[in-house]
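Next, two complexes with chain A in common: one pairs it with chain B, the other with chain C.
Coming up: the complex of A and B.
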């Protein structure tokens, strides 16, 4: 698993993908957070990082499928998947290695935004007047959300040999899981089922975490979605031997 | 028909067991959970003083919340 992880991470670092993903993420979020007047914290007047955590998921929705789309699709098309599968490693090791390398790249992209926290802390009046708990909770939420999107991306990468199809399927699934469920729950026909339906979506748990209240149920929800996606990935990867 | 000892059946069973385990874990966790309140002033936790006050109440407390009609899911969440 470690070998697959390192190999995948190296392929990101050697092929510019990592640098493009990280710089696009930082440029996009930086512009939204500090420059564009509609969403800028400087114009907003309150020292909080709501912009990053509200818009970050939408940036991830396009960036993470772009990272993961080639993982299995490219290997399937080029035939190098045969080499990988004949190595003395289990399917789980391949899947986890690829999955964790994608997630690691996402975490690398998020890490530099800690500077934003520091800047806002300095800009607060008095200095340090910022809701640190909410920021920590939101970071946990954002990283777990990145994990869910990566698992969705890995699954849809295995579904097809075409990278573009894989990208589009992953973006769609990420959107459904992120805000689709909440939006569907707002249809007025569900009655008391609306809350249950909303709880299937990421947004509900993400918002709960971003208050600074770490609930075991929310953490378990993210872990569950990741596990389910990886289980389906395992099933599809295993289906070649049927 | 799938042979009973086939790889396919095993894989599908593995998936079903995994899905069931995840669902069970979530149902169990919805009853028994723990919350870590990271806020400095413990905004989302009940103070010992409040608990003490509630224990010492000798009458039934009525809390009326007016939430009916056409509400969005945010208010439904509050209502539940």
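Coming up: the complex of A and C.
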């Protein structure tokens, strides 16, 4: 697994994907947080990082599928998947290696924003007046959300040999999982089922985490969606044997 | 034995890609796997390398079943898939390093092995380049290097020389020959000369069915029992008349008074043909012996209408 992980990470670094993803993410979030007046923390007047955590998922919705779209699609197109699958490693090692490398790249992109937290801490009045627990909870939420999006991306990448199709499918699925379920839940027809529907979506759990309350149920939700997506991936990769 | 294929059948949907074929490859043997395009060669190799499962039948490599013990099989084989897929954005050394680590070779041992394989495959000059920047011949070498890296007991090469120029073909062939000395090699091809030059034995399949499994010499012997002679006459002779000549087995009219005669090798029929021509008032314009080669054997064996 570690070999595939390192190989994928190297290919991100060699193909500039890593630099572009990280710099676009940071530039976008930086502009939204500090420059654009509508969303700027400086104009807002409160020392909180709501901008990052509310808009970050939407940036991820496009960036993560861009990272993952070539993972299996390219292997399938070039035929290198045959090479990989005839080496003494298991399907799981290949899937996990690829998945974790994508997630690692997402985490690398998020890490520098810790600097924003430090800046806001300094800007607080008095200094340090910021809801640290909420920030920590939100970071955990954001990273887990990145994990879910990456697993969706890996799955979509296996569904097709065409990277663009894979990208579009992944963006759509990320959107449905992130806010689609809660938007559907707000249709006035579900009655008591609405809450259940809402709980299927990421947003519900993400918001719960960003209050600073780290509930195992929310963590479990993220873990199960990731597991489910990877299980589907394994199923499809194994389908050549049917 | 190293590779055992028994009653192997592979079905894609309703189409039989491979139908009940059985053959074996013994330790240390180089066996050519022949057949026209679409005959089922690649399918068989994909099954032997655990990429695809068989629909029915048994394939064993080194005593391990490909379905029950895929990991043991994968450890034992070096595989060069058809079209030689490579990660074009990786560097030669980086790629070999990756493959070596997958095979569980580590540290100084891996470094030494990579250096060895690079010089063995003639990649010394290209070792620091990106694979995507290499010419086709060198990419093929990288593919072979990858297959040979972990010093496998069994090599399975799917059309290793397709698309190369004649010099490169010879180089790759020599490479296979020199590295395959102490290994079991199964390689597919549709080039006869190659098989003749490399193999101890050939397995020929056509339309998913086994049509021959023989020593090269046996196939050649079969062929040399009979000679093909092309005779050109000034006027049309009668076919039955030609057949009466002692030693002629088969007559085929090629048109314009040219006949393809299949004759027994033990008899020299030329005087008889000459005599036949003068007796019937014909003039013999040409008498030419056709080179009976593996090509004709191949064509014979894999004729579309051949019933097997």
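Here is the rule we use: the second predicted complex is superposed on the first by the 242 of 242 C-alpha atoms of A that agree within 3 Å, B and C clash if a C-alpha of one lies under 4 Å from a C-alpha of the other, contacts with A are read in each partner's own complex, and residues count from 1 in each chain.
Rule of thumb we're sticking to: a residue touches a chain if its C-beta (ideal position, glycine included) is under 8 Å from a C-beta of that chain, and two chains touch if they have at least 3 such contacts.
Note that this is a predicted model, so its numbers are computed, not measured.
Annotation for chain A, partner touching more residues between chain B and chain C: B. Of the two partner chains, chain C is the only one that A:87 touches; chain B does not reach it. Shared-chain residue A:211: touches chain B; no touch with chain C. After overlaying the two complexes on the shared chain, residue contacts for A:22 are found with neither chain B nor chain C.
Of the two partner chains, both chain B and chain C are touched by A:241.
Looking at the shared chain after the overlay, A:194 reaches chain B, while chain C stays out of its contact range. Contacts of A:78 after superposition: chain C is touched, whereas chain B is not reached.
Of the two partner chains placed by the overlay, only chain B lies in contact with A:182; chain C stays clear of it.
Shared contact residues of chain A, touching chain B in one structure and chain C in the other: 241. For chain A in complex with chain C, the residues that touch the partner chain are 3-4, 6-7, 10-11, 14-15, 78-83, 85-90, 240-241.
The residues of chain C lying in touch with chain A in their complex are 46, 49-53, 71, 74-75, 77, 79, 81, 83, 85-90, 94, 98-99, 101-104, 146.
Taken together, the chain A residues at the contact with chain B in this complex read 131-134, 136-137, 182, 185-186, 188, 192, 194-195, 198, 211-217, 220-221, 224, 227-228, 231-232, 234-235, 238-239, 241-242. Chain B contributes residues 6-8, 11-12, 14-15, 18-19, 22, 25-26, 29-30, 33-40, 43-44, 70, 72-73, 76-77, 80 to its touches with chain A in the complex.
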